[in-house]
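Data block below; observations after.
Per-chain residue numbering starts at 1, and chain names A, B, C and D are given in the order in which the chains are listed.
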Amino acid sequence: MKLTILAFGITRDILGASELNLELPESARIEDLKAELARRFPAFANLSALAIAVNSQYAELDLELKELDEVALIPPVSGG
Amino acid sequence: MKLTILAFGITRDILGASELNLELPESARIEDLKAELARRFPAFANLSALAIAVNSQYAELDLELKELDEVALIPPVSGG
Amino acid sequence: MIDIQILESPLNVQVCIDFVSGAATGGINVFVGSVRNQTRGKRVLYLEFEAYVPMAISEMRKIAETACSRFQIDRISIHHRTGRLEIGEIPVVIAVGAPHRQAAFEACQYAIDTLKQTVPIWKKEHFEDGEVWVAAHP
Amino acid sequence: MIDIQILESPLNVQVCIDFVSGAATGGINVFVGSVRNQTRGKRVLYLEFEAYVPMAISEMRKIAETACSRFQIDRISIHHRTGRLEIGEIPVVIAVGAPHRQAAFEACQYAIDTLKQTVPIWKKEHFEDGEVWVAAHP
């Protein structure tokens, strides 16, 4: 399936763009997405943490992705 | 010695005035002042507490009064 | 930096916040009192606050100085109003500025808790059927 | 009553206080963030805040709802700013109104502590010799 991934903060710098189009196998999970990102962008290994949000909610590693999901990379937050 | 006592809040209501002129023996202490007030104004016995301030500071019971002191009755405070 | 005021006119929260804001300030905590429409289930019409002004200022200053020495804070502003206050009006504002927020929270809480215990200011509640000096009787 | 906003223009503390003020409000606690001129001893020129807006609003709303259910509070307003902020400007305002002050203090502290942990907003510090996304690296 085709996914469009939104990137914020340092993940946007690492991707060099605020969106990334990614092809993943059907019923890929969050952990598969993270593995694919780590493979393509070794700089992700340097982050203190990386969460993934699906449809504006923090997602667990075993959540299955669907093609229409809004997926976002959430590096460590620092608001306030 | 002659003392002028300032009264606030409910003590002003009890005295019926915001100042009271009082004659006390030389070297009278705070406890003597409180005893004299209790004698003259039985309603003071109904208060939950009564502090005395001398020159804008809370005074201990054994503090000796002097004629030029500014003495004030401080019923339970309720600011804020 | 310490700012202590007792005022007969409405308090301005922004004035207190401005006083405690500086280039090294990372967090500001503010307490704003508000006159409630009821107390212990009874409808309040309005309040009257009376202060022994010179002593109240002296006690408020002590609170501010203790807050500055006990917590890692830079700036504190304490304003208290006197006279007649309607429902929703502001009897007290305490603003604390600090490099880090935790100290600002703790100092502000210390300041309002202590103010209510030590500062010679008295509140009279006016009800439909009478009035009472708060805390005067057991 | 909950008021959540993410704004690109300067925050107005009084707007937040007004929102949480009501006839039954006895105490209001307010946290105001402030951009410091230095961090870890290094001079800061300015900050930039970026938000994933729909999720940030959703997470801020969760904080507000949890605060209302966990503490005895009536009203909470959380405003966060985005974009470039100069030293002394305000990235965040949280105001909490409650019948009694202790709940307002506790809810406000809970809200800012949690906001800093969960809300998808990112801060970039700009120094004379570079820039850094705060907390991105260990």
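Note that in this section a residue touches a chain if its C-beta (ideal position, glycine included) is under 8 Å from a C-beta of that chain, and two chains touch if they have at least 3 such contacts.
Quantities reported herein were computed from a predicted structural model and do not represent experimental measurements.
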Worksheet item: Which chain has its C-alpha centre farthest away from the C-alpha centre of subunit C?
Response: A
Worksheet entry | Geometric centre distance via CA averages, subunit D-subunit C, whole Å | 23
Worksheet item: Measuring from the mean C-alpha position of subunit B to the mean C-alpha position of subunit D, what distance in angstrom results?
Response: 48
Worksheet item: Residues of subunit D touching 2+ other chains?
Response: 33, 112
Worksheet item: Could you say which residues in subunit A touch two or more other chains, in rising order?
Response: none
Fill in: Interchain pairs in contact, sorted by label
A-D, B-C, C-D
Worksheet, complete the sentence: subunit D contacts subunit A in the complex at 33, 49-52, 54-56, 58, 80, 91-92, 112, 115-124, 133-138
Worksheet item: How about subunit D: which of its residues touch subunit C in the complex?
Response: 13-14, 17, 21-34, 36-38, 87-88, 97, 99, 101, 104-105, 108-109, 112
Fill in: Complex contact set, residues of subunit A against subunit D
6, 8-10, 13, 46-48, 53, 56-58, 72, 74-80
